[in-house]
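Structures given as structure tokens follow.
In the two complexes that follow, chain A is the common piece, with chain B as its partner first and chain C second.
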Partner chain A sequence: MDVAILNLGYLLKAAIVTLEMAAATVVFSFLLGTALGVFAALGGTAVRSVLTVYVYIVRGVPVLVLIFIAYFGLPRMGLDAPNYVAATIALVIYFAAFVADIVRGSILAVPKTTVEAGMSIGLRKAQILTQIQLPLGMRLALPPLVTTASIAVKSTSYASIVGVWELTYASREVVERTLAAFQIFFAVMLIYFCICYPISLGATYLQRRLKTS
Partner chain B sequence: MNWLNLAAGWLPEFFDGFLVTLALVAMCLPVAVVLGVLLVLLRVSERAVVWVPTYAVIEFLRNVPTFLLILVVYYGAPLLGSRLDGIYCGAIAIAVQHTAYLAEVFRGGVSAVPRTQWDAGRAIGLKPAGVFFRVVLPQAVLKVVPAIGNQVVVLIKDTSLVAGIGVVDLTLSGKLVMERTASSYEVFVVIAAFYLILTTIASALFRWLEIPAGKRR
Partner chain C sequence: MIEVKGVSKSFGSNQVLKDISFDVKEGEVVVLVGPSGSGKSTLLRCINFLEEFQAGEILVDGAAVGYSGGTSGPSRRRQSEADVANLRTKAGMVFQNYNLFPHKTAIENVMMGPVLVNKDSKADARAHGLELLAKVGLKDRADHFPSQLSGGQQQRVAIARALAMRPKVMLFDEVTSALDPELVDEVLKTLRDLSNEGMTMIIVTHEMQFARDVADRLLFFYQGAIIEDGPPAEVFANPKTERFQTFVKRFQANSHRG
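So, the complex of A and B:
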């Protein structure tokens, strides 16, 4: 385990990059996804079908392929983005689809009678959205959203394949230098586990609380 | 359309990669299903000595990146004196992680089967393992068919990660074609379409399985 301890500083520095990418992915994909989900739940058939196609495509394609498309495609579009930006954009596009799907489903799961009750006391459409559909819908959406966040953290490791220096890339560097594959990778898995497991536990907790209430 | 030309002109290359991706799925899925069932048997045990370590293993595997597991096998195998091909390193890692994913899916199904079913199985004289395999498991699997379908789609997509250790699967075949042609990201749009076909077939199959057998056409 000495090798792992010796390189721990280097790995933790890389873990911060992983956390930054994960945070950016979660924040932007949740904002974009929530907006899309609300539009799809309330909007007309056109909006809904556009979103359905987007979700269908993104769900059926590996994140890695999206990362490659962004990594090679952005420069072609005149955007000379560094590799970590390209990878994060791909991750945001990927996870926003999942978020949109979850949010749309949750808003539609709010009982129709509750919405009608809001209408009958004279609330406007916008008020019904912000005071009834969003608060109730987001409570339903929260457990699967938290699970999505933990998947997002794990998915940042795929950015290492296009050369982004984050935790997985750094661990590979250290292993190639020291040949201590088991010790280093086990230490790195523990770091990922320490980030992801509390998030998973949070999702389970929220799920259970939702069931009992 | 230069994308169509690209897809048609390099079809043999893509097809070779496609076969590697299919081979990976064919290797990982049966192993993950069988081991996942065995793991859930341990997971639902009433003895803490059995279920606590099983829980720990499942949760650990579920909360680390797939790609990292692939790297462990890829860099670790030579240290153990084995000269395993990259594709098998990838297959082992993906199968191991999906064992844990599927075990968790199956557990959801098992816990949805009423306790009385266990008691009923015991009452007609089945041994505990018999109750699990012949009474509980069939009902549990039926309850989680959609979730298994989702997991299979995730598995198909996860096989793309072997590209990171140099295995020429569908994803990496795209990169090779890209390097030999003047194209760039367009190749990966074509690759994405191939994956989409594969995952669409898989999820259609599972939607069909969801339909009660008598009502299928």
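So, the complex of A and C:
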């Protein structure tokens, strides 16, 4: 493991780039996805069908292909985005679709009778959304959202293909230099785990706090 | 206090309410009984505009429910969301399955309407809410979540939640049907207390003894129409229809068995 320890500083520096991309992907895809999910749950058939098409397209396309499209496509649209920005945009578009689907389903899973109870005391639609449907729906959405967040964090490794210097890219550099593939990738595996594990821990803590019984 | 005038409602081709008309005076307790699917719960839900209806008119405290511009025809329009929400506060609704907000404590459930709809201060809403919880015998359960309460307790919190809006009438939709038999009495006692205070109430129930005891008037629904109407003692003694006799007999048979 000496090789890995010698190069740990270099890998951790790259891990910070991974962490930044991961944070941006999770935050923006969750904001966009939640907004879309709410619209789809409450909106009319038009909104719903647009979102359904979006979700189906994203489900049927590999993340990597989406990253290539963003990487080569954005400059053609006149947007000279750095490669890590292009990759992050692709990741946000990809994961927002899954978040939207989860949020939509969770809001619709809140019993209609609970919503009617809100209506009967005179609450307005917006109040029913913020006071009843979102708090209860988000409790249901939490476990699948955690899974999605973990996958999103790990998917930043695809950005290495378009030359983003993040953890996976840096690990390949080190392997080429040291030829110690097993040790280096084992260390990288541990670093990814250390990034993802706190998400699960945080979610477990949240779930316990939000429990009503 | 409540005027129901020629209300008709269909689900597709199935007409569930057929030209229903009746009035409820202030302080009157009206009980709706009838077999399942006879339309009594649907009518109650129409009064709170949780169901749309295709023809007729319902007035609560003089204000039309759900629609403006006549009882039918092209000028009939749905009221705005704000008007409907405002109207619902005049009638307090209590449901079969309590439908408390599971993420809120008992007192938070009760305070929600006054704070969010009436914009009362939290302190005032809390004080009034605790009074109401005391009234239904649950002052010491104020900070419990619904999942920590029995069915009967949850239902009494639901009654307090509806009362918190200071409604003109209370609507009870089979409020004891989901309860274990030993919990029914505590909820019925709360209803009796309310009627003694002069609250105007419409109660859909299968509790025949309770209906006889507490109601000023009994309406018997059958296939979307009212076929018996009068003081319970009178209706039970001299039913006009055979349907009602059969209905009552079946209930007596069931209660002997149970």
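We take it that the second predicted complex is superposed on the first by the 197 of 213 C-alpha atoms of A that agree within 3 Å, B and C clash if a C-alpha of one lies under 4 Å from a C-alpha of the other, contacts with A are read in each partner's own complex, and residues count from 1 in each chain.
By our rule, a residue touches a chain if its C-beta (ideal position, glycine included) is under 8 Å from a C-beta of that chain, and two chains touch if they have at least 3 such contacts.
Note that this is a predicted model, so its numbers are computed, not measured.
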Chain B versus chain C as contact partner of A:135, first or second or both or neither: second
Partner chain in contact with A:54 - chain B first, chain C second, else both or neither: neither
Chain B versus chain C as contact partner of A:124, first or second or both or neither: second
Which partner reaches more residues of chain A (counting touched residues only), chain B or chain C: B
Chain B versus chain C as contact partner of A:116, first or second or both or neither: second
Touching partner for A:168 - first (chain B), second (chain C), both, neither: first
Touching residues (chain side chain A, partner chain C) in the complex: 111, 113-114, 116-125, 127, 131-132, 135-136, 139, 210, 212-213
Partner chain A, residues of chain C touching it in the complex: 48, 50, 81-82, 85-86, 88-89, 91-93, 95, 97, 99-103, 112-113, 116-117, 145-148, 158, 161-162, 164-165
Residues of chain B touching chain A in the complex: 59-60, 62-69, 71-72, 75-76, 79, 153, 157-161, 163-164, 171, 174-175, 178, 184-185, 188-189, 191-192, 195-196, 198-200, 203
Chain B-facing residues of chain A, complex: 57, 59-66, 68-73, 75-76, 150, 154-158, 160-161, 168, 171-172, 175, 179, 181-182, 185-186, 188-189, 192-193, 196-197, 200
